[in-house]
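Look for subunit A in each of the two complexes below; its partner is subunit B in the first and subunit C in the second.
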Partner chain A sequence: MTKSDKRGTFSVTRRTFTAGAAAAAASLALPMRHIHAAGALKVGVLLPRSGPQAGIGQDCQRGVDVALPILKELGYPDMEIISGDTETNVEIARAQAEKLINEGVQLLVGAFDSGQTTAIAQVAEQKGIPLVINIAASPAITEQGYKFVFRNFPNAPKILGDAFTNQKELFAATGATPKTAVLLHVNDTFGKAMQGGIGALMPKFDVPYKLVEQIAYDPKARDLSVEISKAKATGAEALLVVSRLNDAILLTRELVKQRWNPMGVLSMGPGWYEDQYIKTLGKLSDDPVSFVPWQDYNKPLTKVVQEALAKAHPDRAMNTNHTYTFEALMIAADAYKRAGSTDPNALADALRATNITDNISAGPGIMFNEKGQNDKLLNVAIQNRDGKHVVVAPKSAANADPIWPMRPLDQRG
Partner chain B sequence: MPVEVYFNVAISGLLAGLIYGLSALGLSVIFGVIRIVNFAHGEIMVIGMFFALVLFRSLGLDPLLSVPIVAVVLFGFGYLLQTVVIERVAHLADHYQFLLMAAIAIILISASLMVFGPDAQGAQLPYAFDSFQIGPLIIDKVRLYAGAAALVVAALLFAFFRYTSTGKAIRACGDNPAGALVVGLNVRHMYALTFGIGAACLGAAGAIILMVVDAHPYLGPEYTLLAFIIVIVGGLGSLPGAMLGGVLIGTSEALAGILLQPSLKSAFSFGLLILVLLLRPQGLLGKASQ
Partner chain C sequence: MNRLFEGLPARAFLLLAILAAALLVAPWLVNDYLLSVLIIVLYFAYVGQAWNLMIGFAGQLSLGHALFVGIGAYTSAAIFVHFGIGPWATVFIAVLASVLAGSIIGYLGFRFSIRGVYFALLTIAFAEFTRIMVDHTEWLGSTQGLFLPVANRESIDLLNLRGSPMMFYYVILGMTVAALVLCRLLLNSKLGYYWQAIREDQDSAQAYGVNVFRYKMIAVAISSGLTGIAGVFYAFYYNNLFPETTFATSRSIEMILGTVVGGVGTLFGPIVGAFFLTPLGELLTALTDDIGLDGIKPFFWGICVAGIVLFRPSGLWPWIAGLLGLDKPAGGEGK
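Our next item is the complex of A and B:
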């Protein structure tokens, strides 16, 4: 591993691209039966492009934008993307899925949010059109016995289980284990599900710290000073959070203003690693550790995607949204290539037999179990470092050593 | 829990309440005189936030210093909106006015989304993370400045309505439009001035709120709802009532957060609203209808 790798910065050369492309092309040496006759696969990409989740939906779209030329370069067949906007609304997500299917899309991809994805999955199953989920963690989606729904994203119990395993690795590597923690969580479907999961899984994973208080807050909170006052008053050593973007920024500001320097922030969800968080808080954004589904920086294709993103969006660092949306399209193209047909049943059969090992997310690769779930994915611990991300655990995917305990917030200059 | 935690939280709630009160003043001014329920209240304030953000980014102007500029620009916007659009539907039934204001709100949200994008954006003030420590108490510097600025703007508004002839004429139009016409006041102009002043008030509130909250296009409806709660608690049309309502909501939300659960803060505001509606429907400082 080079020194620059350790800092999470990569210089991707033409050679790296060629290596990644060659690795992928080698596994794609299957005959492209009937593809030319069938034409481009019509893929409906449903995302929350407006409404409260618009920022994330648009971030996922960046993954779509870079995917098409890279997949073409790797030898995958053409895809025609038809975009749909769920407007961050479950009912509109359902209606948009029906509309896209009526317009002739042959495969659906989406839709970031569990509620919206659940609605789309029902439509996809009813109409017999394959759905490849990019991001959605609710376990229930792949527990319905659906035949046309495939998810290449870890569900909530998997995310939590890996998080606790990675936390123990982090504490062992640094020799600093908190004895107590306070949980601050957003009071919405995601936050409540994670809170329930944390309570249920902590004993199973023998987590070394005790939760001294659990504080739920309104997802639309304008001010989180009370929440931090309450958390600080518990005297907990570490702060465990389940949050989103805006509240992550508010919480960090309050940590500084109220002069509280916990041993560290352990984030079990989005917010603390996002570009907007880093851009808004500058040096104060360094050091929180997020336990998330992520890309493996050591995989050749990751470097290719990272380079393409850096070229198209120099102000954006590669993240989960890009990685899993890219992979959803990769899965679609791979299935189409092997099916040699746009027939939904043939596509679904090909999806069931997916076996992509030269992918970009952490873990051995993309393959689906009998429920349509990729249960081989590996979640990692990432840390913000100088405005970039580094993977600090597990060791198999790490590209940097962790900084733990985190550096005091009031001494960041 | 140490007792200073409660004091810290109460002070923080009080300062937040002053800002809430200022944001609700605009709604109270407009309803008190023109009797229009401004459903675009929060969205107009968000426009003020974005304008202050543009001034901060382009000229490095602290939002506190941009308050007069934003207020003047929003005054012009409000004056024109009343003259060109609202006045023409003022004679129609209430639900037409509600729909008109809701339509204006949606247009403002879409316009902000197109111009500024969906991400939350804030002014990175050099003193954004500073706080004053007085013994065991920690007071957030930004919130203290913002609360003080809200008090100053509110005091100026009270003085305008109490001591200036234009302010008295506006109050006269609100109390008795027919009488105001009889004595020769230009009621249409006074209504336009009132909407302009209400919008200016929102502009000032927007610039001040930008110090503590990041601006994003979907923030408006939240602040509209909050302003309605505040003015109903304080008394619809009463300026001191709006400030009192803001302080009550801010402080009680904060204390509810520390004594009960932070996620119950909003529920507590609505509980207070129901209590006021049951016991004193005209609001704490509102006048009972004849």
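Our next item is the complex of A and C:
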């Protein structure tokens, strides 16, 4: 059976739609479901491939692109992928889910963003089509009592909790524990949510350092010299950051300019590990530690996926987007293999019994609790090292010893 | 009833009857995907009508109408989630809250003679700070979002607005028809004439004794109230609300584009615009999927919209009405 990516295939539904209002009543009455090839599971992959989240959606798509040949090699049954672009829009996400289901998909995968994922989840739940969430961190998604929604991605409190656990492990392993830290965070929805979460969870996790100051900055800031001056003036030993790519670059440059060498940078979000950060800053990009859902480099399958990605996209390092999107498809294929049927109910039953241990993300494997959440996932601490990423905590997923305190930024040639 | 149909040519009756019949039977003929597209079309037709009342009839530019959708949505959804009270009871509170917000903006704007783009900026500012306020309100779900429990597709619970997309389709269809009728009646009333006088030349209207402040306030109140109802629908249809998307300026722009393309200040402009833009978007999705270039759709979509604005600056409806001979009323307003 041929595995095919049906992005771009002009479907009957679309033709019917294109025919438009002129032929509406008659043509729209026609049955819209495709007669699909027996044997292949039709999977609808919904991602924000255009709009504000286009970069991330397209990055997730790279995980889809490499998944099929690898899964075939692993002996999983055939899947036919039908892609839909949510355009970073909740309404479009819902309509696209309806469209894909109408085109006959038997399982949905998506959709990176919590709002779009929730809209898709409703359609999936109402129509009894299983949805495997690749990335979406809102805790509420798996608290709705859904029967057909499965998430192999940690929710926001789990990400933060693991970050503090990994920080303590990092400090214990190196014997260098900061007593104080200053929090610099981007002043947008994400930054504020993380700031709130950090404040709420720090006491619970008995974090060894004290936050001496919290400094917010504008997400569109072009200059962060004042913020770094202010942070440096606090005398804090470590710098805790919640940022995005551009501001991560600006902050690093200011650290160098102002000759401030904190014990380390602890990043609780994106930016500091991204390809563009590493490419832009070169040696200066080494050593910040980011706490993220990530792949376990020690797992054999990770190497396979890493090599496939390197071959297909030599300029991009494997990351969260690839890992969890790949795994979502792996989960779908595994469920199909065990269900032996494309019947959505049988697939949902198989998904509930998922137990994959030869996966790629950190943690013991993929299994879902009664709410459809994989609560066994582990988030890791990654460190940039010579333009690559290494995992430094937890020990179970580490492939390198941490460099902590970080090497002085102003002595890197 | 006379006022409603006054001045409409016979062929307009016929076309309206055909359109009404098509819309009534549509859910029985189309698949779920097209039904969801039709719901989006009608939603934008409705909110476009509400916005049109303010800018098209009374000449007050708002670029922050997402605020009223958000207020309506969050009010009804929060009461439903926390107290289990259905939308038919809370829609009045939602409308009241939206009208209150609109009145505050209107009062500040009109009392201090803030006009044109400056008034538009005021509406954006209110939407922005309401978003920030919701971001920090745990009771409203803050940044984590407010979720309504998912509805069983097969059951129809009209009282709690829980049920199948077909139910939502007829609800939004009813709302759109009601908004159209209301706008038609208002436009042909004394109030409508005052609005049009203010829109054409506020200073002259004032010189002729029109209480400009009062009638502009009424326009804002009605427009925000109608938009608040759309918010209630939005909340119960999509079942999740995030402040960043609900109150975004881009949402406000999305809401008004249909009216701009269809014809600002016309009764059918918002409907024609919505029926044109949303299917155009879906059509372009289908066509650009073939190209396989992500994000190319907005490029073509932008070209189409720019083309309409350039070649049909009054919008599509006046042009279509001209082609169909609907712009020659038997008497009275023919838009």
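Quick notes
The criterion applied here is as follows: the second predicted complex is superposed on the first by the 360 of 413 C-alpha atoms of A that agree within 3 Å, B and C clash if a C-alpha of one lies under 4 Å from a C-alpha of the other, contacts with A are read in each partner's own complex, and residues count from 1 in each chain.
The rule is simple: contacts are C-beta pairs under 8 Å (C-beta built on N, C-alpha and C of every residue); 3 or more make two chains touch, one makes a residue touch a chain.
Keep in mind the model is a prediction, meaning the values are calculated, not measured.
Once the two complexes are laid over each other on the shared chain, residue contacts for A:F164 go to neither subunit B nor subunit C. Looking at the shared chain after the overlay, A:A216 reaches subunit B, while subunit C stays out of its contact range.
Touch criterion met: A:N246 reaches subunit B, while subunit C stays clear of it. In the superposed pair of complexes, A:S50 makes contact with subunit B and with subunit C alike.
In the superposition on chain A, A:A193 makes contact with subunit C only, not with subunit B.
In the superposition on chain A, A:I101 contacts subunit C only, with no contact to subunit B. By the touch criterion defined above, A:Q58 lies against subunit B and subunit C together after alignment on the C-alpha atoms of chain A. In the superposition on chain A, contact of A:R259 is made with subunit B only, not with subunit C.
Comparing subunit B with subunit C, more residues of subunit A are touched by C.
Annotation: subunit A residues 50-51, 54, 58 touch subunit B in one complex and subunit C in the other.
Interface of subunit A with subunit B (complex): residues 50-52, 54-55, 58, 187, 215-218, 220-227, 229-230, 232-233, 245-246, 249, 253, 256-259, 276, 280, 282, 284. Those residues of subunit A whose C-beta lies close enough to touch subunit C in the complex are 7-11, 13-14, 17-18, 20-21, 24-25, 28-29, 32, 49-51, 54, 57-58, 61, 85, 87, 90-92, 94-95, 98-99, 101-102, 114-115, 118-119, 121-122, 125-127, 138-141, 143-146, 156, 189-190, 192-193, 196.
Listed in rising order, the residues of subunit B touching subunit A in the complex are 1-2, 5, 8-9, 12-13, 16, 113, 117-120, 122, 124, 128-131, 133, 138, 140, 143, 212-214, 216, 218, 222, 254, 257-258, 261-263, 265-266.
Of all residues in subunit C, those touching subunit A in their complex are 22, 25, 29-37, 40, 135-136, 141-145, 147, 149-153, 238-240, 242-245, 279, 281-283, 285-287, 289-292, 294-298.
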